[in-house]
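Shared between the two complexes below is chain A, which has chain B as its partner in the first and chain C in the second.
Our next item is the complex of A and B:
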């Protein structure tokens, strides 16, 4: 079998698996978020935290819940890392406390569902931090994302009320009824594939060449599954999904990609169910699917394209790829992980061809919406849909409406604020890092010492770091020493602001929509469940992203890829 | 061999209105004279304090100033000059387009203002007439208007009847009749008397007349942006900020890459990126909408009107004359139990003699045609005291030979009967309900008679059924409107909404003077059509 055919077959298998799980999972999630009943375990949690799960919350109350919970998460995680040095060895594996700037960066990173790692898991984090801190945030930060998305969907579905549901109920249900059961199934599959799951210490083993190597044990499979399922991306080990303990074989590789995509895609079905028209969900799904498939195809093309004798001999751009699974599997993983806000990697994006590296960057720059992170992808896409409806609705010559809700001045103001945040963070911090004297020193591929000699690759590394942080992706372009106070602080800020500022505007938008009286659908209504609209949506996303980042991309990956 | 020639059936062309001639659409928007006239305004709008209200073009303006300064510093560079000229042209053209649009609103307001100030009123001062400007009229002044005069202010006709051309205000080209008394007495300033002579009592203060309000509206509209425009401006402003950021941050990147760019190039790139032209999208859509309307023989005066029409969600329709033909005619006299139809007809006729409204006259006519009752004249009955119909009492009648006869709106008559200590027949209410449900208007007829023993008793005799014919094809039109998502509400003065299945929403207001107003106001019932 040729490498290209194997890549295409893997892609087809993945699409088939996603299609099979789409309806059952989407419908199940819709039931979870609209059910009146509480499980016994949930009631226990509500009693413990003192929340009334049946109280309806208006958007400011919902937002206060989100922020209070996340601030508590950041503080707890920060403290846990800072006291690691005094924990018993069985919990800390003998590692010392993490430095303040790195602890802040890591805490921000995991609470913001980014999982940017400026540390190396096996050399810094013990069992306590990994399991009590990081793994817990992997679950709840994902549940917060879904909760906010569901609140926005309720904004569309409800009318003449400001209430968006109850944050604590949404958070607990997302964790207890969706993420935990799916993780149990997923972890079992991964263990069956050969991922490890234990609490043993550090083993020293001999190498074939005579040296020795330290190998950590740990609860890897359980963290691995939520790393993908919750589009978190923070690996137990530094090598992430390229490490055989995390990603043992070709099947587990494909299964991990499936886990990344399954909830973000199925949420469009949940959205359709909750607004009472599944076709609206299909239109959003179509827009997401077209972008995901298009980018994957482009990525496979750039990585299979043979330039130069070495690449032709290898049958593709093999450098940095997951050698066990080939170029195709690496390309699918790379686009999937960057188009969702996951950031797990099974290959090294820095080593991709110039254009391939640019594609991973562009994937994140789209704003993590195709299909995006769990929850965040859906609400990001719906905000873009509002903007697309607005532009298209103006052509009809009346006040545009989406799902029966008028898109007026207030809604556009909030949507406009939403799309302003990420570019501001990415371009602002990157420009600062390039203009100041010391931060460029972290770039390992400096002029004259790099693959291309022009410094374009080095610039891509910085641009990638902030794009990854502000978009809550968390993958790294390697080649940048990010564990400096400057990068730890600025990327930490970018992650927090890039996660929670959009949530503020999304919840305000949801509140504003929920208060409206629905407009009946008429002959003059723009049909948002038709392919025309899905096409328009894709166009609007690509044009806005393209114009914003084209100048920066031209100086980085494009200059490298075309030279 | 047949000698008949085939009858020519009217072809499509005959039926179709003529296709609009090309160029009929523009409405003066691309009139070169208008453009030239607005050119000074375009330059005046370069004032930064004005420009800052349009953020996108303001950024272009700043770009133009920066490139001009840079071009002056290096006068030999043709590139700098070329960019500078392009940027200034961009700003000026945008200002010109805005100035033209505003000029149209101003022209409309000027036309209206002219109609207001030019009129000369013939004010009655005792028996003499004096000419005063229309703006000097006060409430309570009496003015005379004859054929050809412009009515100088809002008021009520107190004497005479005339046909009035109200097209300047309503757009309706057919003249309407305005007469003293009844509900057709109100006239509006700025309309034209076509025939006869009327005396008008002025009822509004100068500055608050209908025309004044229209002028305010038109001028206000010129300043105010539509909600869609405001929303679009917000979106465009935020995109401008994003692109501004993209260009500003480009310089450090470019310096790192060893390819520092000049300010002129950055300014040019920024203007290329920011959405300078999408702002014109709404105007373009408006013009396209006006074009489409002209093809259907509707003249829209502005693109904003098209946008507003697109947002219509509820249509409030006056019933009489709009949904119905408007001349309600008495159709039958229905007696309550224990009375004869002829008795009702007699009382109805008597009580309507003093009622000069078309309804009142139709009752007299019906009594004559159907019951052979000769029309009596007011002079015939000696010692009769006539009570004319007014909009306040909603009753008319006569007191003659110790008999008091009244006819009028259900609520008013019932109140009158109860006031006289009489009782209302039980089936009277049912009869009026039946008529209302059939879509008609019921009027009650009541009488107070002195019994032989000297006691007087008031009672309801029966009901007059007024029918108003619904125009043909209304139902189909309402169906079409409903398909477009537009609710139709019929506003009618009928005592309660007709409950014919599935027609339209109704709203029945009752005058506050009525003792039963609370019940009727709460019956402000609205019912969704199926």
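Our next item is the complex of A and C:
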């Protein structure tokens, strides 16, 4: 079998697995978020928090819940890293405290569902930080994302009320009823493939030629599964999902890609169920699916073609890729991780072809909505749907409506603010980093540097870092040494603002929609469940992203691809 | 003012309590349950898939190792041992920050596709691998010329293993046919026929090779 055929078959197998899980998982999640009953364990949790899970919240109260919980998360994670040096060796593995700027960066990163890592897991973080801190945020930051998406969906589904549900109930249910059960199953599968799961710490094993080598032990499989399922992406090890202990074989690799995609895609079904029309969900799914498949096909093509002087000389794009995965599966993983907010990697994007690296960048720049992060993908796509409806309304001169709600001045202002935040952060911070004199010292592939590449690639490294941070992806063109006070601080800020400012506008939008009286459907209503609308939506996304980022892309990956 | 400070504090307090209780659920109970299942059902895999050779631990079948001589080349890198099958090039780094451990830090070169450094090392590796194995430079497969993603890649392509078979047989005083058969026996196909790439686990191959050489009485 040729490598290309094997790549295509793996893609088809993935699509089939996702199709099979779409309805059961989507329907289950719809039930989770509309059920009136509380599990006994959940009641215990609500009592500890001191929250009434049945109290309806208007959008400002819902937002305050999100922010309070996230502030607590940042503080806790920061402190945990700062006190690592005084923890007993069994918890810290003897690693010292993390420096203040790096601890801030990491705390912001994991709370913001980004998992940008300026540290190397195996030489910095002990059991306590990894398992009690980072892995916990992998669960709860994902649950926060789904909660905000569900609140927006309720804004469409409800009328003449300002209430969007209860944040604490949504947070706890997402964690207890969705993420944990799926993670237990997934972690077991990964261990069966060969991922490690123990608490033996760092210990010595033998070598064939004599002597010993040191290897890590740790709760790797349990963290790996939620890292993918919650579209977080922060690896236990520096090499992330390329490390054999995280991703032991070709099946686990495909399984991890499946885990990344399964919730974001299925949430479109949940959305359809909750607004009472599953076809609306299919239209959103179609737009997501078309972009994901299109980008994956392009990525596979360019990686198999292996443009670039060094890759041509080697005869294939295997630099920074593992033998057991090969080029095809690595390409699928790369598109998937950047089109969602995951950022886990099973191969290193910096060594991809110029076009392939550009595609990973562009995938993130789309706003990570195809299918996007858990929750954030759905609310990002719904905001784009509002923009698309608005554009269509302008063309025919009608007040736009979506799902029976009028898209008026207030709604479109909120949607516009939403789509402006990330580009502002990405382009602003990149420009600042390139303009200032000291930060460029971090760039690996600089022109004139002894580690020569082209200047374009060096610019791409910086652009990639802020795109990844502000979009809450977390993957890197890892040539950039990001563990400096400048990058730790600015990327930390980009991650927090890129996560929580959009949530402010999404929740305000949800509140405004929930207050409306629905308008009856007429012959002139745009049919948003039809293929025409899905096409319009894809067009709007590509045009808006293209116009926003074209100049920056031209300076980086395009210049590299043409050189 | 005072009121809003107090209500903010109350809210963050609720956030903190929520975080702590969810930390117990997701950070203590969940990993312990998974560890329990893993240790009971997949004890060896959960502990790192250690393999033994001659009754002693020979490493993990998931992690690549180096097979080198004491002697060093002009850059100070240890020379490859001709008696063993060699793994892919590795860009994994030494432990720089926490010197308490001799851990190898996993990772890739991150060099760009058009990087001159990468181009030079690819050319150098092609020449070195060809000379080391007495093979035609154009026959050297891509996995022998490029560094892996983890730097710990346990596998090589069957093509690279076949390329090394003759040199390995010579160095061990074994008939080439026997070593070539060993390679074919250790070549793993794609999972279910289509997932990933064909590969040979270098450690397992070298263990089998040593047994073969030991049985032949020539070491």
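As a working rule, the second predicted complex is superposed on the first by the 536 of 563 C-alpha atoms of A that agree within 3 Å, B and C clash if a C-alpha of one lies under 4 Å from a C-alpha of the other, contacts with A are read in each partner's own complex, and residues count from 1 in each chain.
Everything that follows uses one rule, which is that a residue touches a chain if its C-beta (ideal position, glycine included) is under 8 Å from a C-beta of that chain, and two chains touch if they have at least 3 such contacts.
Just so we're clear, the structure is a prediction, and the values are computed from it rather than from any experiment.
Because the two structures share chain A, they can be overlaid on it, and in that overlay chain B and chain C fit beside each other without clashing. In the superposed model, C is the one of chain B and chain C that contacts more residues of chain A. With both structures placed on the common chain, the touch criterion links A:20 to neither chain B nor chain C. Legend: residue contacts after superposition of the two complexes on their common chain; A:399 is shown touching chain B, with no touch to chain C. In the superposition on chain A, A:555 makes contact with chain B only, not with chain C. Contact with chain C, but none with chain B, is seen for A:208 once the two complexes are overlaid on the shared chain.
By the touch criterion stated above, A:523 is placed in contact with chain B alone, chain C being left untouched. Legend: residue contacts after superposition of the two complexes on their common chain; A:547 is shown touching chain B, with no touch to chain C. With chain A fitted onto itself, chain B and chain C come no nearer than 16 Å, counting C-alpha atoms only. The intersection of chain A residues touching chain B with those touching chain C, taken from the two complexes, comprises 454.
By the touch rule above, chain A contacts chain C in their complex via residues 1, 3, 5-6, 9-10, 13, 45, 48-51, 64-65, 68-73, 75-76, 94-96, 120, 122-124, 131-133, 135-136, 139-140, 168, 171-172, 175-176, 180, 183-184, 187-188, 191-200, 202, 205-209, 213-217, 219, 221-223, 226, 237-239, 242-245, 248-251, 253-254, 306-311, 313-326, 329-330, 345-348, 350-354, 357, 444-445, 450-454, 457, 477-479, 560, 563. Residues of chain C touching chain A in their complex: 8, 11-12, 14-23, 25-28, 30-31, 33-35, 37-39, 41-42, 45-50, 53, 56-60, 62-63, 65, 67-68, 81, 84, 88, 92, 95-98, 100-119, 122-123, 126, 141-143, 145-157, 190-197, 199, 203, 206-207, 210. Chain A meets chain B in the complex at residues 387, 390-391, 394-400, 407-409, 411-413, 415-417, 419-420, 423-424, 427-428, 430-432, 434-435, 440, 454-456, 459, 519-525, 544, 547-552, 555-556, 559. Across the interface of their complex, chain A is touched by residues 227-228, 230-232, 234-235, 237-239, 241-243, 245-259, 269, 273, 281-282, 285-286, 288-289, 306-307, 310-311, 313, 483-486 of chain B.
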